[in-house]
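The structure is given below, and queries will be raised subsequently.
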Amino acid sequence: MIEFKDVNKTYPNGVTALNNVNLTIDQGEFVAIIGLSGAGKSTLIRCINRMHEINEGTLTVNGVNVGKLRGKQVRRFRRKIGMIFQSFNLVTRTSVINNVLISTVPELSWWRKLLGLFPKAQKVDALEALDKVGILDKAYNRVDQLSGGQQQRVALARTIAQHPDIILADEPVASLDPVTAKVVMDDFKKINKETNMSILINIHHVELALEYADRVIGIRQGEVVYDGKSEDVSQDVLDKIYGSIDNVPKMEDQEEADL
Amino acid sequence: MNKSVQQQLEKAPNRTLYLSTIGIILAALLVWSFMGVNITGFDQRGTQIASNIFSGLFSPDLGFLFDFTSGGGVPSLLFETIAIAFLGTIFGSFLAIPISFLMSPSIVSRPVAFVTRLVVIFIRTIPSLVYGLMFIRVTGPGPYAGVLTMSLTSIGMISRLYVDVIENLDRSVLEAMTSMGCNTYEKIRYGVLPQLFSSFLSVTIYRYDMNLRDATILGLVGAGGIGAPLIFAMRAYRWSEVGSILIGLVVLILAVEIFSNKLRERLVNG
Amino acid sequence: MQHTIYDKIFKPKTYTLSNGKEVKQRASRVPLVLLIVLFITIVSWEVTNVDLSLLRTRGYQFIVILTDLFPPNWNFLSNIWGPLFDTIQMSLLGSIAGAILAIPFALLSSSNIIRNRVLNGFFKLFLSILRTLPTLISALIATFVFGLGTMAGTVAIFLFTLSYIGKLMYEHIENVDMGAFEAHESMGLTKVEAFRYAIVPDVLPTYLSVSLYAFEGNIRYAAILGYVGAGGVGLLLDERLGWRDYPSVGMVLLTLMVVVFVIERISEYFRMKLT
């Protein structure tokens, strides 16, 4: 369970990213977070695994007060939270399986860490993760030989091999074409159903958000302006989130997505 | 574990043998070179000289360093070095133009390109100092020998880089010009030359940067430039003079490097 | 459009279109640049006493030496092996030591690894200054400090390799995409672990390739270092050129050519595999 209580976040340059956010997300929910670029979607997600610090309020994840964690505790805490990025953030000059194996690095002994020698059990685990996202046959290819959609699935496999409770996805399909985007979203849905991981996705494509997520959170200028079932999102709600009708992204609004 | 996962696991490429072979060869080579090189630490004399050089660097002969008038000071020596490198680069870059065309497989036939390539490799392998000595027989000691050496030694690299430019010409422009009804001369003048000019210039400026460094060592064989005064000053243990020359050298080369990088950036970005 | 002093002296041309719009074209810089180049050429010509007629009258002297190199003195080959191995050993040891020490220098210079501008700037400047010193001059200095012999040559090559690889590597490291590093941190890896698994795999192939390339070049440099007494075949070149024993010089050059060619092919093969 993720719980935001009166959370505020201001960047050193004075920009308010989160303003009095109160949210409760239960285990196993599939949540889409929508809003304009710069509304604070990315900040919201990154506070959950302490990639960003919050200034005020409390944020609890599975009973742990995130703000209180120090050094090693932060890293151990992050092990249970997976993260997916818009630009995949893979090591492109090495093989697919090596990327997936990185998720197990903290558990290795120091000499294995140094030499990059992974035990067989973990290799099997990594391959199974690749199998789940359907790119098992690419295991020994170099990442830069894969297409964008395949790379995002490698990133997804890397997260699965981490066996997290929560997956945070920051614009996971923004740099993919519409068809591939759907495939990746299907993967998210499947994982959500099969493993009961909570999934939080920042997303620009409103249609995709409404189609896949159970719950939609709308953010505007750091404030939660909508929180409810995806079926209940109406044009009025969208207007409230995006300001005027002009700002509402239509499907495949690539200009918005690339920001 | 399901079957396809099992299969993939077995397919894992095994590079342990390959990598360890390379590792052993490398280690053997390293041991071999340790045996060959006569490792000597700093002895008393060496330490003394090192500290002398350092103190020379920090208390340079200022009169010598800023002697703009007499013709024997650091500025005029540096100026001579600059001039040698400049003329050498100009000559070399002009000589490299025909050679580079003869080296491009897309311009001439393959055998011709191959033979020219061999000749250029041959020219490149002879160290510049040897050329310097050869040219001194022609011109007598002095900067002129340096200029000729620089011209010859820069041909190799310049023509190789020119070839890359020629091979990477954007031919779609020529297609467009053909469609507009241009003749061959017009295509070369307005389609090819503008593409070549700025890239060739960029290569030349880059080579000037390198030639300046090389020109400083030609003095060691008497082919002009700042190398000769440096070696004389060192042999005579005039450390403050050594310091002045080194400071002048470092400042000049750094300044030229920064300037040439700026210039090339502007050439590339238009 | 930004106006510089040049634009104030040479006014841009103005064209008026039929619809009243004005377009300004800056005066071309080409004439000025050509003028400057011409001026420097003339000055350099004077300074270096270039005299083309000398080439016509005495140019054959160059050919004389060149033809004297052939046929090479094959009997001299037995004298070459020792110094030749010295040259290879010098450049091997200097290159490996330089390449290894270049790692900490490159890391300390990279602003995305060590977030300390003063430290970055200091090491960058140090590498740049080191790079300005031609190998032969650092070898000359090293012969004074370490005495005549292979040690001086090794030090000179070591210093050059350090500066060369150090500079190329920090430029590469600073351009590494930090996305993977961020992802690894989000998975709970420490900064060191994230560095090992995000930056190292990205940088390692380039590092090895650059090191090989530096080694290739160093063999050439090492060949002339003997000229200032820093060991290797350069000693032979110096000696035989002094005695005008050109067939032996030819033999040294021929062996050198073969060695450089073979080493370049081997290194090229591995560099191809790395990319």
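Here are some notes:
Chains: A, B and C, in written order; residue numbering restarts at 1 for each.
In this section, a residue touches a chain if its C-beta (ideal position, glycine included) is under 8 Å from a C-beta of that chain, and two chains touch if they have at least 3 such contacts.
Owing to the predicted nature of the structure, the values given are computational and were not obtained by experimental measurement.
If each chain is drawn as a node and touching chains are joined, the picture has every node linked to every other. Once CA atoms are averaged chain by chain and compared with the all-protein CA average, the nearest chain turns out to be C.
Chain pair with the larger contact count among A-C and A-B is A-C, by C-beta pairs in contact.
With centres defined as mean CA coordinates, chain C is found 6 Å away from chain B. Note on chain placement: the centre of chain A and the centre of chain C lie 46 Å apart, centres being C-alpha means. Put simply, the C-alpha centre of chain A and that of chain B have 50 angstrom between them. The touching residues of chain C, counted against chain B in their complex, run 37, 40-41, 43-45, 47-51, 54-55, 58-59, 61-62, 64-66, 85-86, 88-90, 92-93, 96, 128-129, 132-134, 136-137, 140-141, 144-147, 149-151, 154, 220, 223-224, 227-228, 234, 237, 241, 249, 253, 256-257, 260-261. Those residues of chain B whose C-beta lies close enough to touch chain A in the complex are 1-2, 4-5, 8-9, 11-13. Taken in their complex, chain B has these residues touching chain C: 29-30, 32-40, 42-43, 45-46, 49-50, 53, 79-80, 82-84, 86-87, 90, 121-122, 125-130, 133-135, 137-139, 142-144, 146-148, 213-214, 216-217, 220-221, 224, 227, 230-231, 234, 246, 249-250, 253-254, 257.
Chain C meets chain A in the complex at residues 177, 179-180, 182-190, 193, 196-198, 201-202, 205.
If you check the complex, the residues on chain A that touch chain B are 97, 120, 123-124, 127-128, 131, 136-137, 139-140.
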